[in-house]
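A, B, C and D are the chain letters, set down in written order, and residue numbers restart from 1 in every chain.
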Amino acid sequence: MKFLRSSLPIWLGVLGGGAVLLDLFVKEPAFVKLLSKWFLEWRVILASFALTLGAGNLLRVHSNRIRLKSRDWGYSYITAVAVVGYAALGIIAKRTNPTYSFIFDNAYSPLSATVFSINAFYISTACYRAFRARNSHAAVLLISGVVVMLGSVGIGYAIWPGFNQLTQWIMNFPNSAAMRGMNIGAALGIMGVSLRVILGLERGHLGGE
Amino acid sequence: MEGGILTNLQNIDRRIIYTVVFLVLLFPMFKPIGLPLKISQTTQSAFDAVENLPNGSLVMLTTANAPGTAAELEPQTIALIKHWMKKQHKIIMWPSAAEAPRFIDGYAKLLKDNGYVEGRDFLVLPYLAGGETVFGSMANDLKSTFSMISPGQSALWDSITSISDVDLLADCGGGESQLWAIAHIEAKHRTPTICLITAVILAVRQPYYTSGQFKGIVSGLNGAAEYEVLARVPGAGAAGMDAQSMGHLWVIFTILAGNFAYFATRGKKSPGGGQ
Amino acid sequence: MSASPGVWLAAFFTLAIYSFLYGDNPAYKFSEHLFVGLGAAHMAVMGWESMYNRAWTPLATKGEWWYIGAIAGGIMLLTRWFRPIQWVSRIPLGFMMGVAAGLSARSAIDAQFWRQIQSTVALKLNVVNNAVYVFIVVSTLAYFLFAFNDKTGVGRGIRGVGMVGQYMMMIAFGASLGSTIMARLSLVIGRLDFLFKTWLGVLK
Amino acid sequence: MSLVTGTVGKFVFLLVFVGLFWYFVNRTASGAQLHIRRIAGFDALDEAIGRCTEMGRPVHYTFGIGELDANVLASFDVLGYVAGQCAKMDTDLIVTNALGEVQMMTEEIVRAAYINAGKADSYKADNVRFISNVQTAYISAILGIFQRERPGANLMMGPFFAESMTLAEAGQQIGAIQVGGTGRVIQVPFFIAACDYTLVGDELFVAGAYINRKPVQVGAIYAQDFGKWFTLITVIAGTILATMGNNTITDLFKK
């Protein structure tokens, strides 16, 4: 039992991760390639199941809220009905069903696009505050930010054609180089954490036992 | 009194900023100004990568387009597909994210309206969950990843054996998918890869363009407008550019005004976040 | 003005979300709760579709029986809704985590690490821009050295180079923000286009 | 065993990396004191929680919308620490999740932290919440939570996408003290713009080693630093040699 609960998940991780990683390097023996191919295909299926977890969790959360009469619990009915009704429609009548598409085009899409666009307003106020030459770091941020802003649309070009070249230079050299440095650092960080899983030393994802 | 105005400039109420953003974006939509457009090097390279392929090549579009990012990605994708149609390329399309299939429906319709036959000239692969895993799986074995498509179902599908038959891969999205495309497919098969991205992630994808892992990048609405000009396919990209420029100008103005006020009143304490 | 009920519905949701910029209100709360529900449902539908295509179709039409194992694993994942047998879901989860780690490590060591260095080491320093490039890569990376004691002389030296790297990162962050604001504005343009062209019809 | 052409260099690097990793894990496990430089973002966590305690407002913790990846694993260590501190200080902790898989893990981590702090009774299951696995739906719900429950601190650690900007600015608007951290480098500028403290890229992955000093994690940090020194030295030497017309190192990377 203890083996099934804590050791097996870790060993499966070691096997899965090891095969997929070695596949990058190893030409022979061929079974490494075969295992890696199978594991990737299986994981696609598991990920498909994982996508449905959200709907179940959401139902659990909102039925709890209704039961406990938490704050704004009345709205939880809307969520619960939407989850059950829309999922049933999509699974029984298929995603290509006209009603499903109607809701997707006229409720889901505008909601999603509008929520996402709030970003534009928030970034304008955030930059209004952040782009202030409070200290030397912020000053560097400000200068490079304003140059790129002016250089990346027509209006900057109309003011001074040089903004465009300067922006290209900033994007191609200082920006690209600093991003490369950060990417390399992050890649090593990812390697460190991933190897903890592949070598079977990580337990965080199993509830920290 | 003057100090009052300066302090106010330093702390303009966010609702005022929001209202003006709305207004300045709206104005050029009614009265286009026609500001000049400069083609960037990354877009030019992406265009060249498509243009230099012989007519009738096999191209693949993997897209993670979603309602949230469609304002930027949709005009780019349409411009690219129109260019592909001009070159009579055979097209494989695959939605890499759960919100993308609805967009692919639209591209399929566009292709059909222009005489493309599904299964022979273009093909839509079904959505599969797993993100990066699917890219890894496609790089290992494309045919087996989509083994649900039976032989005889599509002539185009039957004519290919592996992802290395693809002459150009275009990945579209605002997330990590471009990285997966180069990390698994380009890395293994050296498939020429371009990406269509939201302008936000251009900065972090630039190093991969410099290193040649991407053959070209189309980024943001201005990337779409540039591509439309290069491929001579008028579209929605150019239309939004004026509004963007005006909105931009307003944000630059608030930033400069804020700084001016900050320096004029330096020494007095002002609230605000950031580092 | 549009006569389509779908367009009116979409316009209502667009305005309900934007009303939040002024303050929280019942129309926003309604839209938010509806959207959360629709979103989870759409994901579940896509998960189902993906499972059906990837596992069920090959199993049922081609007799590829080995997919039964993966389907069983998927069902084990769903045990987490039932507290007494919740632990069963750890078994497929451990496997998923392992494969994901293998893929990330593969991508990290090759595309993000090795090929990035490969492209950097070939730069010739007698070109000014290349020298700038290399200097920035080196100083930025120095900022991310952690395994040293910053109270010693050597440690302070490393910190010093890292400080320079910090300024270089600020240039990159400024460039990111600068190019982002514009991109984000285009999202609003998309919505305004919908409101004034598709819905109200006042814009040609 | 034979290797794919063009991967020998990478493979050797990987073997050395793993070897050093084992070596440093064993050294820390046998009690050696290995140093890690100061990271301001982690030191700020106590300040943030303390301020919430003073103000009687909850702490909000989020992983963002990304997949269960290295960022999430690193963030688990931070969450464990934050939950422990909140339990000790009797401050409410709201955790919002976007992934079904992560939801159960966070429940277990937070509950365990409350039990370890001897405050099992104070744990509120209702406060570890699954929100939505759709990015925009997640954002819309968090905006609501911020306005309605007004957390005094907003801690954002994990694989963030575009939600980083919206959440950070929404937190700023309610006056929360904010710490953001992500290994997804592209989102860092938005945290810089709106947060009080930011963990830049790789810094997040140091979390476990910095906070808990577990041997495995400290070992990983030392192996990573080896990778960085390797990069620094090859880049400097390689470019100097390339300038002089010698392509030894450049060719080495093609092996």
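Note that in this section a residue touches a chain if its C-beta (ideal position, glycine included) is under 8 Å from a C-beta of that chain, and two chains touch if they have at least 3 such contacts.
Please read these numbers as outputs of a predicted model, since none were measured by experiment.
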Set of chains whose contacts include both chain C and chain A: B, D
Farthest chain relative to chain D (centres taken as mean CA coordinates): B
Chain pair, most C-beta pairs within the contact cut-off: A-C
Inter-centroid spacing, chain D versus chain B (mean Cα positions, whole Å): 28
Whole-Å gap separating chain C and chain D, where each centre is the average of the chain's CA atoms: 15
For chain C, residues that touch 2 or more chains besides their own: 17, 20-21, 29, 31-32, 35-36, 38-40, 42-43, 46-47, 49-51, 54, 80, 93, 96-97, 99-101, 103-104, 106, 109-110, 112-113, 116-118, 120, 134, 137-138, 141, 143-144, 169, 172-177, 179-182, 184-185, 187-188, 190-191
Chain A: positions in contact with at least two other chains: 20, 23-24, 36, 40-41, 43-44, 46-48, 50-51, 53-54, 56-58, 60, 72, 95, 104-105, 108-113, 115-121, 123-127, 129-131, 137-138, 141-142, 145-146, 149, 152-153, 171-172, 175-177, 179-180, 182-186, 188, 190-191, 193-195, 197, 205-207
Junction residues of chain B, two or more chains touched: 14, 18, 21, 66-68, 70-71, 98-99, 101, 128-133, 136, 199-200, 202-204, 207, 210, 222, 244, 248, 251, 273-275
Chain contact graph, described as a line, ring, star, complete graph or other shape: complete
Chain A contact footprint on chain C (complex, rising order): 6-7, 9-11, 13-14, 17-18, 20-21, 29-51, 54-55, 67, 69-71, 73-75, 77-78, 80-81, 87, 90-106, 108-110, 112-113, 116-117, 120, 129, 132-141, 143-144, 165-182, 184-185, 187-188, 190-191, 194
Of chain C, residues touching chain B in the complex: 21-22, 42-43, 46-47, 49-51, 53-54, 57-58, 61-62, 64, 99-100, 103-104, 106-107, 110-112, 115-116, 118-119, 172, 175-176, 179-193, 196, 203
Touching residues on chain B, where the partner in the complex is chain D: 14, 66-68, 99, 131-132, 174-176, 200-201, 203-204, 273-275
Residue ranges of chain A in contact with chain C within the complex: 4-6, 8-21, 23-24, 36, 39-58, 60, 72, 75-76, 78-87, 90-91, 95, 100, 102-121, 123-124, 127, 130-131, 136-138, 140-149, 152-153, 169-188, 190-191, 193-195, 197-198, 205-207
Of all residues in chain A, those that touch chain B in their complex: 20, 23, 33, 36-37, 40-41, 43-44, 46-48, 50-51, 95, 101, 104-105, 108-110, 112-113, 115-117, 120-121, 124-134, 137-138, 142, 145-146, 149-150, 152-155, 157-158, 164, 168, 171-172, 175-177, 179-180, 183
